[in-house]
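Okay, so here's the structure we're looking at.
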C-alpha cells in the first residue's frame, strides 16, 4: 500500500459511493448533485493517475456543462422536488437491475482483475504537450470527425427543440407525412 | 445455343406474359394461350434437338462463389426433359378446354411457362448451385397457380394449401442448399459431373452421412417422402388442373432426380449407410399412401396419396444401389409422370364437370355417359396399379426386384423385408384403383349427364393414354437412354 | 505507485452502477445519468491503461477526451429529444408505452 | 430357327394384341370389331398351327427375341419367347378355343352395345395367355399373367351396369392380385438367385441347387399366385362369382386360358419344381382340398353355370395335382394333357350352356330344367361335354384323367411320397363326385315333368320371343349401318318371319359360325384323347388298366346313385335332397366370401387408422409448427411492451448473456 | 513528437469527406439563401455521387488489396484502410442515402427550408459516419464515426414531430446511448487487452503473448456485438426497431434500414476481421444472436399488420442472416456478411420506395396498413411488380435471384465451418421468412372479387406519387433486376 494507493482508495470510494447514490436516490436533484460529486471525484482520480489534462476537461465539460444541462432538463421537465418513488421503476425491475448490475460488475471484475489486478502503475505527469501533439497529429481524422459530430449535434438539438409542437393535453395530432 | 434457346424461350415468354396485359380478358385469354402454345412447341422442339445433339454450355456466372452456367444433357436427364417439354405443351392444350379462372389468363400462362423453365433448367444444369437456383424457380409460379387459380370454393383452404406447399418445399430446398454447400465445400467442385466422377473420394464416412442426410431430407420433402408428404394432398386438391399436372408429373421428379445427382453419385458411402432408412421411408410411403387411398373420398386427394405411394417405389429403387434399381427408379419417375399427368388431366376435367371431386356423391357412371373419359380412367388406374404391359409396371417390378437383391453394402435381409412390403403395396394399389373404377366408372346411372372429352382435352388424354401403352410395351425406349449413365454411377459391370 | 486493482475495481463499480441506473430509473433524465456513469467507467479504464501502457500515441487519454466530447454531444441531442417528449406527453416516464 | 418360325411366334402374340388395339378404335362398329377380332384369332390359330407343325416336323425348339433385352446391369432380362413342344401345343389349343369363343361371342352379344369393347378385350386376353404360354422369360410370364387378370376384370365386369357384375369383377381381380403378391416375390427370388429372368438359364442355375430352401420358398410363393389365378383353395371363391360375366368370357376364363395358366407356368417350371418336395407336398394338399371341396360344392349349386365354375376349380386341381406327383420321368405331360382336354370340353360346356341360357333366359337349374328336351340341337354337345367332364371313356376327359391317376400311381410306386397317396385318394374321390354332379346336371337338363311341360314351353317361347325382337332390331340396324350385308346372319335369318316362327326347331337363333365353334369343340372333346397317340404331347401312350377300370366303375356307381336320388317331381334335381338351407350354403360357397370381406374390412380399418394418423400424427407436426410459431408470436407481443425502459432491460440482459457466453465458450 | 503527424490522402478519404463537406455546404447555402430547398437536395446528391466515385478505385480489389491513408510515419499503422468489402459497403451507403434523399424530395408547400437544410445535412452527416466507419482502423475513428452515423438519426426520427415519432426517437435514443456506453467500454477493454488503439489483426495477436488477457479481448468482442447489435437490430438489442421505423418518416425509416445497417456492419466487420486470425473456432455468441434474431424477427413480422412494422421486424430477421456467417469468423464470412447486407439493403430500399410511392398516392392510412395493399396488382401493376420483386428478394426466392444468391453466400461459411445446427436453424428461418413476405405478396395479388374483376376491367387509378419517389422506385427496381440477372455485380463489389 503506497500513499497513492490510499489516496486513490479514498477518492475512489467517494466516487463509487456517490455514483451509487446518484442512481439510487429518490430525489431528482439529489441524483444530479451526486453525479456532480461522482464526476468531480473521478477527475480527482484522473489527477492521481497522472492525467491532468483529462481531469481538467472532465471538470470543464462534464461538471461544467453536462451536469448543468441535466439540471436544466430536470427543471424544464417540471421535476418535482423532494423524495418521489415515481422516478424508479417497479420493484421487480429494480431487482432485475440490481442483478444485472451485480452481474456486470462481477463479469468485468472477473475478466479484468485476475489479468491485471496485480500490476502496479507509476503515474507520469506533465504529458499534456505530448497529448496535444498526438491529438492534432496522429488523431487528426477522428478529431475532425468529432468536430462534425459536435456541429451536427448542436444543429440537431436546436432543430428538435424548435420543432413546432402541440400542447401535451391536446389529443394526438394528425399524423402527417414529411414526404 | 439450342440449349440456351430452350431455356430462354419459356423464361422470356413467361416473364413477358406476366408483365403484360391484364385488360380485356377474352382476347388476352386466346392470345395468351396461343403465345404459350407456340412457345411450348418451340421449346419442345428445341429440347428434342438438345437431347439429340447433346450440347454443352459452360459460362462464367458468379466467379465469387465459383458458380458457372453449366448445362448439358445426359441419359438420366433426357427422358425427364422430354417429359417436361411434352407436358408443357399438354397443359397449354388442355387449358384451351378449361380456361383458367380466378385471375388474369396471362399470369396463368406465364406461370406455366416459368414452371417449365425452372424444371428444364433443373434437369439441364450441371452446376450444383445452379441446380438449386433452378429448383427454386418453380416455387413462386406454382404458388401463384395454386393460390390464385386454385379451387375457388374454399378460399381459406386455398391459402392453406398454397402456403403449405411453398413453405414445406422451401424448408426442403434450404436444407438441400445446406447439403449442396457442404458437398461443394468438401468436394471442392460444384460440377455435378466432376462430383459424380469423384465418387466421394476424399470424404470420410461421417461427412458423407451428414451431407447425405441433409440432402435426403431436403429432397425427400420435395419427392415427397413419408413422413414429409402432408403438403402434397392439399396442394393437389386445390391446384388447378395444370398445376396439379405439373406438380405431380414434373416437380416431384426434381426431388428424385436431385437424389441421383447429388446424393447417390457423389456420396456413395454416405448414401449406402442411409439407404435402409431411406428405403424404409419409401416403403412406408407405399403402404401409407395406398391405404389412405382406400378410404379417401376426394378424388384429387386420392391421386395425391397414390403419388406418395408411387414415389415410394422410386425411392426403393434408388436405395438399392444397383443398376437395376436405379434404372427402375428412373423409369418409375417417367412412368409416374405420364400416369399422374393422365389422371390429373382426367380428374381436373371431371372436377369441372362435377363441380367437386367428391367420391361420396352419386354421379353418372363414366362408362355410360362419357366413354372416352372412362377409357382414359381405366387405362390410367390400370397403369397406376402397376399392370404389366402398361408404363407403371416396369419401374415398380424392377424396384421390388432390386430391393430383393440390393448392392453388396446394403443389409440384405432388411431390404428383402422391404421388398415384400412393397409387393404388398401393389395389392393395396389394386384395391384403391378398383374402388375408384367401381365408384365412378361402372354403374347404371346416366344422370347428371355431361359432355365427353373432346378437342384439346381429348387429344391430351389420348396422347397420354398412348404413351402409357407405348412405354409399357417398349420400356427400352427409356431404359436404353438411361442405362449408360446409370452404370457409370453404380460402376457396376453389366453382365 | 498505484496498485492497478484499485482503479479497475472502480471501473467495475461505476459500470455496474451505470447499468443499475439505466434500468432502475424511469425518468429519462435519470437514465441519462446511468449512461454517463457507464461512459465514465470506460473513460477511467482508458486513462488507467493509458497510464500503464504509456504508448506513443497517448491513446488512452486522447480517447478519453474524445469520449467526453461525444458524451457532451449526446447529452445535447438527448435533452432536446427529452424536452420534445415532455412537450408532447407532459411527462418523461420511460415506463409508459410509446404511441 | 427359320425366320418364318420367328415371325410366326411373334405373330401368335402380336395378332391378338393388334386386334385388340385396333378393335378399340372401331369399338362402336359391331361389324368391324367382329372382323378384326376374328381375323386376329384366325391369324393366331394359323400361326399357332404352323408353329405346332414346325416344332414337330423340324423338331425345333428355341428362343425368339421380342422387344430387346433391357439394360439392367447385373440382371439379365432378354425378354425372349420360348418355342417348344409344350408351348406349341398349348398355343394351338388356346388358338382353337379363342377362335371358337370369338365366333360365338359375335352371336351371343349380338344385342350388346359394348360388343366391340368386349371382343377387343377377349383378343387382349388371348394375347396375354399366349404370352404366358410362349414366354421364355419370367417377366413376360408375369406380363401375360397380369394382363389376363386385368382382362378378366374387364370381362367379368362387362355388364358394368349391374352392381353384382362390378363387384364380382373387383373381387376376382383383387383376390388374384392378392395371391399374386407371393407370385411376384417368387419370381423375384428365382430371378435374383440366377441373375437372369430367362427361364431356361434360370432353371439351369437352380437345377444346380437342389434342396435349396430359397428355391422351396420361391416355389411355394409361385404356388400362391397359381392358386389365385387357378382359383385353388383358399383363393377359389372369385371364380364362381365370375359367372356374372357374359358366358363367352366364362368360357374363356375357364377353358384354355386364365385358370389353366397356372398349370402351364408350373409345367414350364417343372424341372425345378420337382426339386422341391415340400413345395410339391403343399401343392398336393392344396389341390386335394380344392378338388374334393369344389366338387362337393359343385353338386349343390342351384345355378348350373356356377356348377360349371366349381367344376372348373375341381378340374384345375386335378391338373395341378398331376404336377405335384408326376415323377421326373413322367414329366408335365399328364398335366398338359389334362389342360388340353379340359380346355376343349369346358369351353364346349360353357358355350353350350350359354347358348341354352340365351334360349331359356337364365342359368339357374330351375330355368335350365328340361332345356335339352326343348332344344334338341344342344343335347349332343352338352352330353359330350358332361361325359368328357365326368371322364367317361373314351372321351378326352377320360384319357387325361387316367394319365393323372397314372402319374400318382407312378409316384407311389417310384417315390412313395405322401403327395402321391394324397393325390391318388383325392382324384379317386373326385372321380365319384365329378360323375355325381355331371349326372345331376344332366338329369336336370333332361328332366321335365309332364304337367309342367306346357307352362315351361310357354315360358321358354316368351323368353325367346323377347330375344328375337332384339335380334331383329340388331340385324336391321346392322343392315342399315353403311349397308353392310349381314353375311354372318343365321341361315334362316334372312327374313323376320323365319327367325320368329321356328326358334326352337331350327337353329335360326344362332350363327353358323357359333354353331361351328360348338361343333368343333364337341368333336375335339370326343377325339381329343387320341392326342396321346400323336407326338404332340410328351406322354407315353399307356393306360394303367386297373385304374381305368376302377374309375369307370366308380363313375357308373356314382351315376346310378345320383340317378336313384334324383326326385321324379320338380326339376329332377338330386341336389334338392340336400335341403334348401344346405343348397343356400353351397351357393354361398360355404361363406368363403364372408371371409374375404372380413379380411378386406380389416384392411379398410387399417386404412382408416392410417388416415387418422396422417391427419393427427404426421400432419400434427406441421400444424404444430404453426401453433408454436403463433405462441411465440403472442408471447413476443406480450414481451414487447413498447416501454423504452423494458428495451433497456433487454439490452443489458442481452449484454450480460452475450458477455458470459462469449467469455465462457471461447 | 513531430513524427506524430500523419499523411493525408484526401482521395482515399473522399467517400467520407464528400458527404461531410456536402453537409457543411448545405448549411452554408441555407444561411446564404433561405429559399432554395431543391438546391440542398441537388448539392447533397452531388456530394453523394462524388463520394460514390471515390469508392470506385476500391471496388472489387483482390483479396488483401487495400487502400489506406492517415498512416503513421515510419511505415506504421494506418488509421484509415478501405479494402474491397469496405469500399463496397461505402458505395452502398452512399447510394442508399441517395435513395433516401430522393424519397424525401421536398414538396413545394409542406416543409420550411430550414428543416430541409437540417434534414439534408443530418442525412449527409450520418452517411459520412457510415462511410468513415467502414474504413476506420483505430478506436477513435471507429467510435466517433459510429456515433456520427447514429446521433443524427435520432434527430431525423424526432423531426417528424408526431407523437409516434417522438416515441420512436426516445426508443432509439435510449438504446443508442446505452449501446454507445457499451461500445466505449468495449473500446476500453480492447485497449486494455491489446495495449493498442488500433483494431487490427496485429493488435489482436498481442493477446497470444498473454493468455490471461484473452478473456478481456473476448469480453470486448462480446460488448462490440452487443453495442453494434443494437444498430443492426439484433435480438435482444432490437426492441427500438419497430417503434423507430413506425414513428419515423418513411424515408428516414428507409435510411435506418439501409445506411444505418451498413454503418453497423462496417463497424462490426472491422472487429471480426481483426480477431479472425486468432483462430476462433466459432463465435458462439454471434451464432446465438443470429439465430434468435432470425427466429424472433420472422415470427413477429408474421403478426404485423402495419407494413412499416413488418419491414422493421423483417430487418431484425435479416440482420440475423447478415451476421450469421460471422459465426464462422473467416474472410469468406466477412465477404458473405457484406454481400448479404448489400442484397438486403437493395431489396428493402425498393420495398420502402414502393411504400412511399403508395403513401403519396393513396394516403398514409391505407398505404401503411397491410390490408390497404389488397388488389395492388390490379390497380398499380408496375408498383406491385416492383414490390413483389423486393419481397421475393427478401424471401430469397426467384425471381428475386439476388436474395437467393445472398442466402447461398451467407450459408457457405456456416456450412464450411460445419455449424450444422446453425444451418438448420437458418433453413427453418428461410421458411418463416418466406411465410412473412408471401403473406404480404398474397394481399398484393389478391383481387376483390375473384369472379367478377376479370370480366369488367376497371381503369387503374392514376399514380400520383412524386416524380423523385418514382425515380427512386425505378432506380432500385432496375438495380434489383440487373443484379438478379447477374448477382456478380454485387458480389464483385466486395472483391472475389
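A, B, C, D and E are the chain letters, set down in written order, and residue numbers restart from 1 in every chain.
Please note the rule applied: a residue touches a chain if its C-beta (ideal position, glycine included) is under 8 Å from a C-beta of that chain, and two chains touch if they have at least 3 such contacts.
Small disclaimer: the values here were computed from a predicted structure and weren't measured.
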Any chain in contact with subunit A as well as subunit D: C, E
Most remote chain, CA-based centroid, reference being subunit A: D
Chain whose mean Cα position lies farthest from subunit C: D
Chain pair that, of all pairs, has the most C-beta pairs in contact: A-C
Chain whose Cα centroid lies nearest the overall Cα centroid: B
Computed distance of Cα centres, subunit B from subunit A, in Å: 67
Between subunit C and subunit A, distance of the C-alpha-averaged centres to the nearest whole Å: 4
Subunit B and subunit C: spacing of chain centres that average the CA atoms, whole Å: 63
Centre distance in Å when subunit D and subunit E are each reduced to the mean of their C-alpha atoms: 77
Per-residue overlap in subunit C, given as positions that touch at least 2 other chains: 15, 18-19, 22-23, 26, 28, 31-32, 34, 43, 50, 56-57, 60, 62, 66, 70, 73-74, 77, 80-82, 84, 88-89, 94-95, 98-99
Touching two or more other chains - residues of subunit D: 642, 644-645, 648-649, 652-653, 655, 659, 663
Residues of subunit B whose C-beta touches two or more other chains: 168
Interchain contacts, given as pairs of chains that touch: A-C, A-D, A-E, B-D, B-E, C-D, C-E, D-E
Contacting residues of subunit C [partner subunit D, same complex]: 19, 22-23, 26, 28, 31, 94-98
Complex contacts: residues of subunit A adjacent to subunit D: 89, 93, 96-97, 100, 103-104, 107, 110-111
Residue ranges of subunit B touching subunit E (in the complex, touch as defined): 15, 19, 22-25, 61-65, 101-104, 118, 129, 132-133, 136-137, 139-140, 143-144, 147-148, 152, 159, 163, 166-168, 170-171, 174-175, 177-178, 181-182, 185, 210, 214
Residue numbers on subunit B that touch subunit D, as the complex places them: 164, 168, 226-227, 229-231, 288, 291-296, 322-324, 327, 365, 367-368, 375, 378, 382, 385, 387-389, 393-394, 397-398, 400-402, 404-405, 419-420, 423-424, 426-428, 430-431, 434-435, 437-438, 441-444, 469, 473-476, 479-480, 483, 486-487, 490, 492-495
Parts of subunit D lying in touch with subunit A, wherever the complex brings them together: 645, 649, 652-653, 655-656, 659-660, 663
